[in-house]
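Presented sequentially are two complexes of subunit A, the first with subunit B as partner and the second with subunit C.
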Partner chain A sequence: MKTAEPVHRLAVLLPYRLAPTRMSVRISPLSAAILCFCAVMAASTAWAQTAPTMLSPLQVIVKWSPLLLRGFAFNILISLLAMLLGTVAGLGLGLALLSQYRLLATASWFVTQFFRNAPWLVLLFFVMFLVPFQITMFNTTVPLPDWIKATVGFALPVMANVAEVVRGAVRSVPSTQWEAAESLSFTRRQTMWLIMLPQCIKRMLPPWMNIYALVAMATVLASIVGVSEMLTLTAQVHAAEGGRPELFAPLYGFALLCFFLYCYPINLWTARLERRFRVR
Partner chain B sequence: MQAIGNWFQRLYESTGLNFSVFYDAYDWDRYLGGLKMTLFLSVTTIMLSLVIGAAGALMQGSPSRLLRLAVNIFVVVFRNTPPLVQIFFFYFGLGTMLPAVETAGMRVPLLSNVQWAIISLSLFAAAFNVEIFRSGIEAVPRTTVEAAEALGYTRFKAYIHIVLPLAIRVCLPALNNNLVNLLKTTTLAYAIAVPETLYAVKQIWSESQNVFEMMVVLLATYGILVGVLVWLMHRWERAMRIPGYAR
Partner chain C sequence: MITSWTPDQPIVQCVDVRKSFGALEVLKGISLSVRKGEVICIIGPSGSGKSTLIRCINALQPISSGSIQIEGIEVTDPRLDKLALRRKVGMVFQQYNLFPHKTALQNVMMAPIHVLGQKRAEVEARARALLAKVRLAGKEDSYPGELSGGQQQRVAIARSLAMRPDIMLFDEVTAALDPETVKEVLVTIRELAEDGMTCLLVTHEMNFAREVADHVYFTDRGVIVEHGPPETLFTAAKDERTQRFLSQVL
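On to the complex of A and B.
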């Protein structure tokens, strides 16, 4: 006979585990888009009744959406490049954190802490103002456009965060693995590349995707330093439509919607991977 | 104080490193004003986000399905959109819709940019706090809540006096992380011209032409602020620890 046994009889605190929000009624990205569309539609019909000559907020968004979406694609490009750069650099920094040379490990610890604790916007300013707009090397001048500098600016915090992820993942592998590798006469480098890192990829993937979602959302900061990405274009579109104050909410709402539709699926997927890869 | 100023003045004359904040009274005042604004923003948003987060976590456990859905939508939306766009949406989008008030013959918006920054930053951080608190609450054993019920606590009273104090102890490390993040996010208020540290420092470097030196000061400032916050939170964590309980 099967009896429903109480799981926790004693008043013992359960292990703390940060679980992502589960929607009791799931809103799929598609239906969310439809809902938002309906809301904008409802708002715009109310507007259309009052002033028929001017474009309604919805019409403005439809009219300018190719431009705005191109801006959004630029945001995604910046985020992907920053993630690529940051991951490569972060892997190196993470391995340096785990290095046996005390000096190298300490130096990279300071670098990691520095870039992790500085606000993203400050780091962006740091790169934008202190890196020259062109580099002359071997008599050839390489221009550095704004957006490339911004990408580097985003790659710096990514690097530090990825380094921490790498370090945490390698540390979480049982130490018996190191001993087993040693007894099979693997060198330290071989152990790291052939045994540790392949095992760690599974553990690193969910936090790595979390970092990516953060970068994707941070790319709008580039508008503050004058890169013409989505938010800059949104402001320009608003000015082009006569700067009517009632257009602000729908236009920025459209930007919010784009980012939501991009980031929420990533978040859901991360949560699923986390559940699947949970270290028991 | 004077000696420090003189030292930095000499440093400027001998090496060309112009740390104008330390000897120029005007720049120093501006920097201090920015620092005060950053501290004000951080403290108010931390407090507000904790309150909203705790309230949200309470509502998430409520029997009403509608309330739970509302909190979940709030969390999901605020977590998955860029905080800067949220600030713009609130300040420009909603700010222009609110009626203006008449003060001393001038029409000023109902809520100033500082107030909007506080509102949107608190909501952004609160969305994360809701999840953190909820996970902490889930770690509190059901039997403890039942014992409280047996002693005649209402749902709300049991939450305030029994569940939350235990949950906070469990989720402090995660909370710590989020509050550090919030402190770093206050720089975004720069975008709507709130005169916080970044804004003040940018003004100084545009006038004194010392971008590099002020950048060092800026990074050091945030490094110290984050360090102080982490130290305070660790002290709090130690002070709240129940010996022999949890881990």
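On to the complex of A and C.
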């Protein structure tokens, strides 16, 4: 007798397929929207049972959203600056890791490992409390606001991770490229800047963007050291609204939503780039 | 260092070259010389140290003992200016090793511009002429990934020639190619030889060696078993190892 399923009915063990691993959890935008909606709804129900004169959670969010979004913009600013600083420093550190000078390579290996394996919050604390709040040079005093110090704090782990990305990418270029460059009399520095790094940009881009998404999310740690970023402001708004328990979920849910809407496209794009570059 | 070298002396002079990788001795006292305008082929079974020799000549690998002189410059000299040496020596690899992020034209132009500091316009004219010479006119803007193996290898030859070397080293340059593209590369090398370029080739193409070479060296297990003009070596080899090898490949 013939069945509708022809081919796969044979007793054959199919090859085991590894699912591609990813660092971030995949949530479809729709599920995320539903989740946030549920949070707001749950809170609304609680609110419906309280006195009618108070603002609804939604009204509270709308009322405070200019302030909260300004806080969020601050998070993004910190993350972009930390990424910029960390990338420049990380490129330098990565090149030092690849250096022919044993001492320099070893020293930068220790630096890289130290900052890669340190909790971000601890690094942040160190920078906050070790760096003075102002610097006096040539009779001019330059104040160092908290958020700048926080930016430096985030740039440190970025630096170490970028260094590792640079090192890995350059190492992954076949050694024959070095030989070809050598036989054409390129110096080591020329080989690095003209031949190695340009080839590596493509493979460095996805992990670099991954680091950025992590930094963007980590910027809320700055609230612990008193920077008025979004999380700090959310807590203040909550307090200003009398600390009503039913506002907790909507307010923090709003913060979650903002970060999600910002970071998810980055991760999506990263995954797309990864797939595109793998095919070649 | 530089002894008084004159063009009538050999461009490459190897004397008792030995090279070991750990306990394994790959070159056991190789001596050979290449004169200006000569085409020298090194043949022999795989693992006989042919490629190692050619890489040592370009100072890509250090030798353990002996002497290699390129135009009177001692390659083993610890104070050797490797970059200056390599400007005299062009090298083409088995795997082409083109720079994948640059077009064919850019591949050819890079070294003269950045290493020799020559003017871009002048280099570009020369690069285009070289690509035309290796029959790749029209492929200037193609990336290596868009070219066939034979085409890539010809770009690699043009890239080396752009540095105007005194001698070209070819390290099994047709070994990775499809049979139908081997010929186009060999034709290019033959034309080069006919133009008077000094060439040192490690090759498995016996017919090519027979037709083009002025002198053929047969190596086996790190030694030169015998050498001579191709007509002698290919028809009247004296050593039994040479005879056995030639009977296998011809």
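Please note the rule applied: the second predicted complex is superposed on the first by the 230 of 280 C-alpha atoms of A that agree within 3 Å, B and C clash if a C-alpha of one lies under 4 Å from a C-alpha of the other, contacts with A are read in each partner's own complex, and residues count from 1 in each chain.
Following the convention adopted for this analysis, a residue touches a chain if its C-beta (ideal position, glycine included) is under 8 Å from a C-beta of that chain, and two chains touch if they have at least 3 such contacts.
Predicted model, so just to flag it, every value in this text is computed and none were measured.
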Touching partner for A:35 - first (subunit B), second (subunit C), both, neither: neither
Subunit A residues touched by each partner, larger count belonging to subunit B or subunit C: B
Touched partner set for A:195, first subunit B, second subunit C, both or neither: second
Subunit B versus subunit C as contact partner of A:144, first or second or both or neither: neither
Which of subunit B and subunit C A:185 touches, first, second, both or neither: second
First, second, both or neither for A:73, with subunit B first and subunit C second: neither
Partner chain in contact with A:267 - subunit B first, subunit C second, else both or neither: first
Touched partner set for A:119, first subunit B, second subunit C, both or neither: first
Subunit B/subunit C common contact set on subunit A: none
Of subunit C, residues touching subunit A in the complex: 58, 60, 82-84, 86-87, 89-91, 93, 95, 97-101, 110-111, 114-115, 145, 159-160, 163
Residue numbers on subunit A that touch subunit C, as the complex places them: 176-177, 179-187, 190, 194-195, 198-199, 280
Complex contact set, residues of subunit A against subunit B: 8-25, 27, 114, 117-122, 125-126, 129-130, 213, 217-221, 223-224, 231, 245-246, 248-250, 252-253, 255-256, 259-260, 263-264, 267
Sites on subunit B touched by subunit A in the complex: 65, 68-69, 72-73, 75-77, 79-86, 88-89, 92-94, 96-97, 130-132, 134-136, 138-144, 147, 166, 170-171, 174, 180, 184-188, 190-191, 198, 202, 205, 211-212, 215, 218-219, 222-223, 226-227, 245-247
